[in-house]
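Following are the structures in question.
In what comes next, chain A is part of two complexes: it sits with chain B in the first one and with chain C in the second one.
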Partner chain A sequence: MRARIGTWAALVALVAVAVLPVAYMLGASFVADGRLSLENWRHVLAEGRQWALLRGSLGLAGAAAGLAVLLGAPLAFLLQRTDLPLRRAFRALYPTPLFIPPFLLTITWLYLLGPKGTLSNLIGRLLGRDEGPVLMQGLWGAAAALALSWYPIVTLLASVGFRSAQASEEEAARLHASGFQVFRRVTLPLALPSIVSGALFVFLFALNSYAVPNLLSLQGVYTIEIVTQGTNYGSKDFGRVTATAAPFLLISIGLLVCARRLAGGRRLAPVGSRGAPPRDFALRRARGPALVFVLLVLGLSVAAPVLTFVAKAWPFRVARQVIAEARPELLSTLGIAAAATALALALGVPLARAAASARPGRLGAAAGFLTFLPFAFPGAALALGFARVWNRGSVFGVESPFVAWLSDLVYPTPAILVLAYGARFLPFASRALEHAFERVTPSLEEAAAVAGATRLRTLRTVVLPLSARGIAAGGALFFALSVGEMELGSLISPHGWGVITPRILNKFHFLYEDWVGVASLTVLAVALAPVLLVALWPRAEEGRA
Partner chain B sequence: MHPRFLLLLPVLALFCGCSKEPAPATGGGRVTVAVALDQEYAESLLRGFEKSSGLQVDAHYDTEATKTTGLVQTLLAERDRPRTDVFWNNELSQTIRLQDAGILAPYAPTSATDLPARWRDPNGFWTAFGARARVLLVNTDKVKPGEEPQTVSDLANPRWRGRACIGNPLFGTTATHAAVLFEIMGDAEARKFFLDAKANGVVVAASNGQAMQKAANGEVAWCLTDTDDAAAALREKKPVRIVFPDQRRAHGALLIPNSVALVKGGPNPEGGKRLIEFIAGAGVERRLSEGPSVQIPLRPELPGPALLMGIREMKTMDVDFGAVAKRMTSTADFIRDQFLR
Partner chain C sequence: MTARLSSVSKRFGARVVLAGLDLEAREGEYLVLLGPSGCGKTTVLRILAGLEVPDAGTVELDGRVVNDPAPRVAPRERNVGMVFQDLALWPHLTALGNVEFPLAARGVPRVERRARAAEALAAVGLTGREAAAPARLSGGERQRVALARALVTRPRLLLLDEPLSSVDEALKGELIGLLKELHRRYGGAVLHVTHGPAEALALAGRIAVLDEGRVGQVGTPEEIYRSPRTRRVARALGLVDVVPLRRGTREVDFTPGANGAWGAVRPETVELLPPGAGSEGSVEECRFQGDHWLVRVAVGALTLRVRSDAPREVGARVALRLREPPAPLEDA
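After this line comes the complex of A and B, so read on.
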C-alpha cells in the first residue's frame, strides 16, 4: 500500500512538473481570440507547409534511424553473440556516445568533413583537387550525426533480443542448417522486435532534435519551424504556434506507444531461471572485418570527437582563460544538472518500480506513459509551456497569491531549469531505473517478507544492493543529457544562470576553435565523470544479496 | 508522502533560494538585463559596470540557437510579471515593437545627450548607439578583384546563381534588413526581389554567423552579413574582403544600431536606469568600436573601428525604424509563407 502511495505521489508530482506545461500548450491550441475554437487546427492543417515539414522531419528521422540500425544492430550481434576478441571492453565502451551531446558530435564532423574540414581537405588533396568534398551537410549530414549519437540505443535493445534466444532452439536448428541460416531463421527473427523498437526510439529522438538541424541550416523540419514560429509569433498567435507543435506531439506519442509495446515485453535484464545461454557464433575468417567494423563505429562516435577537440584545443594555451571565462556557465550547468538528476531520481524511482513490477497494472502503465510524454513534445515548445505555466499570478483569470508566490520562487531562479530538465529527460532515467529494478527477482522480495523483514529492511538489504548500480547508471545518463541540453537552456535560463551549451555554439559561430575545443572537452569530462564512477562501482550479484 | 520525496525538497529549496531579493527602489543590489548583443562582446562591459556601480548584473544573453527574437518573445510573455529591468538589443526595430506593445517605460539617459537626435526616441523609450553595418562578405578565392558584387540586389542576379548566401530572414538583423527593404522598395518590388532571389538559388543559412562561415569557407562566393561577423572572419585570416553595398546610385548600406530601453514594471527600475546611463554612454560606444565586435560609433566625434577601413566614409541608408517596426510582422509572414516555403 505504501508503495502505491509513493507511486501516486510521484505521479501527482510528475503531472504538476512535467505534464502541465504540455497540457497547457495543447489546451492553448484550442483557444483563438479568447474562446474555445478549432480555428488554429484548421489553419495549421490547411497549410500545405505542414506536409512539407512532415516530409522533412520524417525523412531526417527515418534516415537517422536507418543509419543507427546499420551501426547498432550488427554491433549488438558482434558484442553479444560472437567470439569477437576484446568484446568485454567494447561492451563497456559502446554506450559512450549517449553521453556526448549530439551538437558536439555535429561540430566535430563539421570540423572534419564540413567545408574546408580537415578530412575534406585531405580527401581533396588525395584526389588532386583544390577542394575536398563537403560530406557533412544537409539532411544526410544531420542524419549521420544523430545516428552516431543514438545508435547505442539500438545496440542496447538489440542486445536484449540477441540474448533472448535459447540454446535448445538454436541447437535444434543447427542440426539441419548452417550457422548463417541459424542466424537468419532463428536468432535474427527473435531479435527483430528489439531492433525495430530501438530504431523507433532513435526515430523519435531524431524527430525531436533541434540543435543538429540548426547547426546544419536545415529549414524544413518541425523543430526549427516551432522555434521560428515561437520566437516570431509567440505573443501574437500563441494558439497557432502550439497547434503547429501538435501534429508533432501526436506522431511522437504514436511512436512511443509502438516502441514501448515492442520493447515492453522484453526485460533488459534476465529475471529468474531461463534455459542455457546459446553458443556464440564463431566468426572464423570474418573476425578481422568484424573487428574493423567495431573499431570504426567506436572511432567515428567516440574517438573522433575527443581527438578533434584535443586537436582544436592544442597546445591548450587558452585553457586557463576559457575555464575562467566560462566558469559561471560551467558551474551553473553542473549545479542545475546535478539538482535535476536528484529530482529525476526522486520522481523516477517510485514510478520505475511501479512500471517494472511483475504486475504493473494501470498505475504502472500510466507512469510509463506519462514519464515519456514531455519528451514527445519539442524542447522549444516545452520551454514556451514552462514559461507560461510557471510565470503567472493567476489561474483562469483569478488572481492567486499562492500561485504568484510559487511563480516568484521558481521562474526567476534555476529551479525553472531543474524542473524543465527533470521533465524533459525523465524517460531516460526512468527506463534505466526500470532496467535496474528488473534485476530484482520478485521472489527475493517475497522471501524477505516471509522471513519477517520490514519493507524498509527489504529495500535496504535486497532491493538497493541489487539495483543501486542501475540507479546510479540512470542518474549518470540523466546528468549527461542535462549537461548537453540546448533549447531549454537557451530559452528559459533565468537571468545570471546561463548554461554552457549555447555559449559553445556561439563561440563555434564566431570561429573560436581553440575555445570550442577546450570548452567541449570540459563538457565531455563533466558529462562522462559520473559514468566512470558507475563503471568502477562493484556489481552486486543476486546470490550475495 | 514517500520518504524519497524528502530528497527533493532540499534540492529545490536550494535552487529556489538562488534568486536574490529585488533591490530596494533606491537602487543598489541586483539589476537584470536581457542582452541581445553577443555575450562575447557585452559581458566584459557589464562586469566593468558591476565593479564601478556596486550593482550585481544578472544577464540573460541572446544565443545563436534562439536569436534575438527569443528574448523579445520572453519579454512579451513576461508582460504581466516582468522579470527584467533593462533590454539591451543589438538592433532597433524589435525594441520599437516592444515599445508599441507597451512593454517599455520611458527613460532618456543624460549620458546620451551627445548622440544625434535621430538615434534617441523623442519620448525617451529607447536610445540607440554603436551600430553594425550590413555588408557583403566576399570570398577572395572565389571572386576575382573587380568582379565583386556591389549591391544587395545581386542576390537576385543570375551571375551569382546558387553562389550567394544570407542568414534566415526571420531572425536577427536579416529580419530587420528584410523589413527595411519592404519599407524602402515598397511591397510589390520587395516581394519580387525576394522571390527572384529565391529563384536564383540564394542559400539561406540559420544565422548571419553561419552565412559568414559559408562565405569564409568558400561554400558560397559571398554572403550578406553584419560587420561583426565579417570582422570575425577577417580576424581568423579567412580569404575574405568586405564590400560596402549600394554605394553608387542607391540607398547606401544599412546601419543597424544597438538600442537600450527600460522595461516597464521591472524589479529594480532605479538600478535599471543606472545601467542604461552606463550602456548609452560614450565609454561603452568607444569600447564596442575598439573591441572584437567593431561596432560603428553613432557619435560623430568618435573614430570608426580600425579593422573596417573607410567605414566612416560609407554611404548609409536613412531609415525610419518606427515604420520598419510596423512592417516586421507582415514581412515575416511573407518570408515564412513564400520565401522560405
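After this line comes the complex of A and C, so read on.
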C-alpha cells in the first residue's frame, strides 16, 4: 500500500511537472478572447505556411531517420551478430554520440565542412578553387548532424532485435536456405520491428529538434516557427502560438505511441521456450569492408567531434581563462543538472518500479505511459509551456497569494530549469530505471518476505544490490543529457543562472574557436564522467537459477 | 535414406558428449534414440543435420560421407527435415509461411509451393489454420506446423528432437498416432530422440539407448525392454530392480553378500502371493498408480518393486515369485 502511495505521489508530481505545461498549451489553443473557440485552429490551418512547415519538418525528420538507419542498423548487425574483430570495444564506444549534445556535434561539423571549414578548404584547394564546397548546410546538413547524434538509438534497439533471434530459428532455416537467405528471410525480419522503432524515435527527436536547424539557419521547420512566434506574439496571442504547436505535438505523440508499441508491446517474441542465442555470422571476405564501415561511423560520430574540439582548444593556452570566465555558467549547469537528476530519480524510481512490475496493473501502465510521454514534447514547446504556466503570478491559471509565492519561487530561480529538465529527460532515465527493476523479479522479494525480512531489509539486501547499478546508470544518463541541454537553457534560463550551452553557442557565433573548444571539451568531460564511473561499476552477481 | 555415424566423437570444451558413437538409421525405419537429458542425443541430430561438426568420425547419408571438410555438405544440401525441441517456428511468418519456407528456399514456384504447403498442413490436420501466426496457435497446433514444415520437402531422413516433451499426456497420445501415420505415409527414415521410455516403446521400430557418449544397446523395443544388457539400458526403459543372481543360474539370490552376476527384474514380472508360497518378505511401501499399486517389498537384503492389483498393508508379510527369470546383465 505504501508503495502504491509513493507511486501515486510520483505520478501526480510527474503530471504537474511534465504533462500539465503541454496540456495547458494544447488547451490554450482552444481559447480565443477568453472563450472556448476553434478560431485559433481555423486561422492556423487556413495558412498555407502550416503545410509547408509540416513538409519541412517531416522532410528533415525523415532524412535524419533514414540516415540513422543506414548507419545504425548495419552497425548493430555487425557488432551483435558477426565475428567482426574488436567488436567488444566497438560495442562500448558506439553509444558515445548520445552524450555529445547534437548542437555541439553540429558545431564540429560546421568547423569541418561549413563555410571556411577545415575540410571544405582542403577540398577546395584539391579542386583548385579559392573556396571549398559548403557541405554542412541546409536540410541534408541538419539531417546528417541529427543522424550522427541519434543513430546509436537505432543501433541500441536493433541490437535487441538481432539478439532476440534464437539459434534454432536460424538453424531451422539453414536446413533449407543459404546464409544470405537465412539473414534476409529470418534474421532481418525478426529484427525489423526494433529497427523501425529506432527509426521512429530518431524521426521524433529530429522532428523536435530546435538547436540544430537553428544553428544551420534552416527555415521552414515547426520548432523554429514555434519559438519565433512564441518570442514575437507569445504575450499577446498565446492561443495562436499554441495552435501552431498543437498539430505538431499531436503528430509527435502519435509517433511516440507507434515507436513504443514496436519497441516493446508488439515484439516478435519467440514461440515456445527460450532457446540458445544464435551463432555469429562469419564475415569472411567482408571482414575488411565491415571494419572500415564501423571505423567510419565511429570516426564521424565520436572521433571527429572530439578531435575537432581538441584541435580548436590546442594548445590549451586559454583553458584557464575560459574556465574562469565560464565558471558561473559551469557551476550553474552542474548544480541544476544535479538537482534535476535528484528530482528525476525521486520521481522515476517509484514510477519505474510500478511499470516494471510483473503485474503492473492500471497504475503501472499509467506510470509507464506517462514517463514515456515527454519524449514527444519538443524542448522548444516545453520551454514555451513552462514560461507561460509559471510566469504569470499564477500557476495553471490559479491565482492566490500562495500561488504567487510558488510562482516567484520557481520562475525567476533555477527551479524552473530543474523542473523543465526533469520533464524533458525523465523518459530516458525511466527506461534505464525500468530495466534495473525488471531484474528484481517479484519472487525474489517474496522469497525475502517468506524468509522473514521486513520491507526495509528486503529493499536493502535484495532490491538495492540488484538495481543500484541500473539506478546509477539512469541517473548518469539523465545528468549527461541535462548538462548538454541547449533549448530550455537558452529559452527559459532565469537571470543570473545561465547555463553553459547557450554561452558556447554565443561564442561560436562570435568566432571564439578556442573558447568553444575548451568549453565544449569541459561539457563533454562533465557529462561523460558519471557515465564512465557507472560503466566501471561491477554488475551485481545475479546467481539466479 | 540410410544414415550412419561411425566412431563419432564430439566435445564441448572439457565435456565429452559423444565418445566414438556408432549408429545407423536404416531406410524406412523409425529409430528412437533414448537417453537421459544432457547425454548428447540432440548433438547426434545436429551432427546429422550438419548444424554441428563432429571432432572425429564419419557421417554418411546414403553411403556418401557428408562431414568431409573438403567440402563439407551444407545443411541445406542434405535433404533432411528436422523438428526442433523448441519447435523454432518463425514468429513473423504464418503457419503456411513457415511450411512454405523450405520450398521457397529451393526455388519452387509460388503456386506449387502454396499447394504443397497446404497439403502438408492438411496431412497434420491443420486445414483452415494456414493464416494463423504461430503465437495464435495452441501447443499441439504448433507441434503440427513444425512437423508439416519438416515433411513438406519429403525428406528421406526426418530428425525429431524430443517432439513430445512439452505436450500434455492427452495430446501426446494423439501426436504419437499422428507420427505413426505420417511415417507410414511419407516413408523415409526417422530418427527420434527422447528421454521418455513410453514414447520410445510406442513409436520405435528399433530403439538405441545412448550411454556415456556411445550406443549402449540397439534392438527392437521388446528386446531392449526384456533383455537389457546393462543396468543403464535397463533403467532407461523404465522401472527396474537390479538383483544378484545365484552363480550359474537365472535365479535371484536373496542372501546377503552375493557374488558376481546380476539380473534386471521389472515390477510386472513379479507375483505377490500369500506368505509361504515363495520367497518371503514384508511390505515397506504401497503407492497408488492409477490402474495398479506399486508395492515395495523387502526380502532379505534386497528390495523389489512389485505391480499389484490390490493395495497391501505396510508391514504385512508376503511372498514373491518371479513369473519370468531376471534378464542377466553384462555389467557387474
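Worth a mention:
By definition in this document, the second predicted complex is superposed on the first by the 520 of 545 C-alpha atoms of A that agree within 3 Å, B and C clash if a C-alpha of one lies under 4 Å from a C-alpha of the other, contacts with A are read in each partner's own complex, and residues count from 1 in each chain.
We take it that contacts are C-beta pairs under 8 Å (C-beta built on N, C-alpha and C of every residue); 3 or more make two chains touch, one makes a residue touch a chain.
As the structure is a computational prediction, the values presented were derived from the model and not from experiment.
In the superposed pair of complexes, A:Leu409 makes contact with chain B only, with no contact to chain C. When both complexes are overlaid on chain A, the residue A:Asp514 reaches neither chain B nor chain C. Shared-chain residue A:Pro189: touches chain C; no touch with chain B. Comparing chain B with chain C, more residues of chain A are touched by B. Of the two partner chains placed around the shared chain by superposition, neither chain B nor chain C is touched by A:Glu434. By the document's definition of touching, neither partner reaches A:Glu485: not chain B, not chain C.
By the touch criterion defined above, A:Gln166 reaches chain C but does not reach chain B. After overlaying the two complexes on the shared chain, residue contacts for A:Glu445 are found with neither chain B nor chain C. On chain A, the positions that touch chain B within their shared complex are 2, 5-6, 9-10, 13, 49, 52, 114-116, 131, 134, 210-211, 214-215, 217, 219, 224, 227-228, 230-236, 335-336, 339, 342-343, 345-347, 349-350, 380, 384, 387-388, 391-393, 404, 407, 409-415, 418, 486-487, 490-498, 502-503, 505-511. Those residues of chain A whose C-beta lies close enough to touch chain C in the complex are 166, 168-169, 171-178, 181, 185-186, 189-190, 192, 268-275. Listing the residues of chain B that touch chain A in their complex gives 1-2, 4-5, 7-8, 11-12, 14-19, 32-34, 38-40, 56-61, 63-67, 69-70, 72-74, 76-78, 80-81, 83-84, 101, 168, 170-171, 204-207, 209-210, 213-214, 216-219, 229, 232-233, 235-236, 238, 329, 332, 336-337, 340-341.
Residues 46, 49-51, 74-76, 78, 80-82, 84-93, 101-102, 104-106, 134-135, 142, 149, 153, 166 of chain C are the ones that touch chain A when the two sit in their complex.
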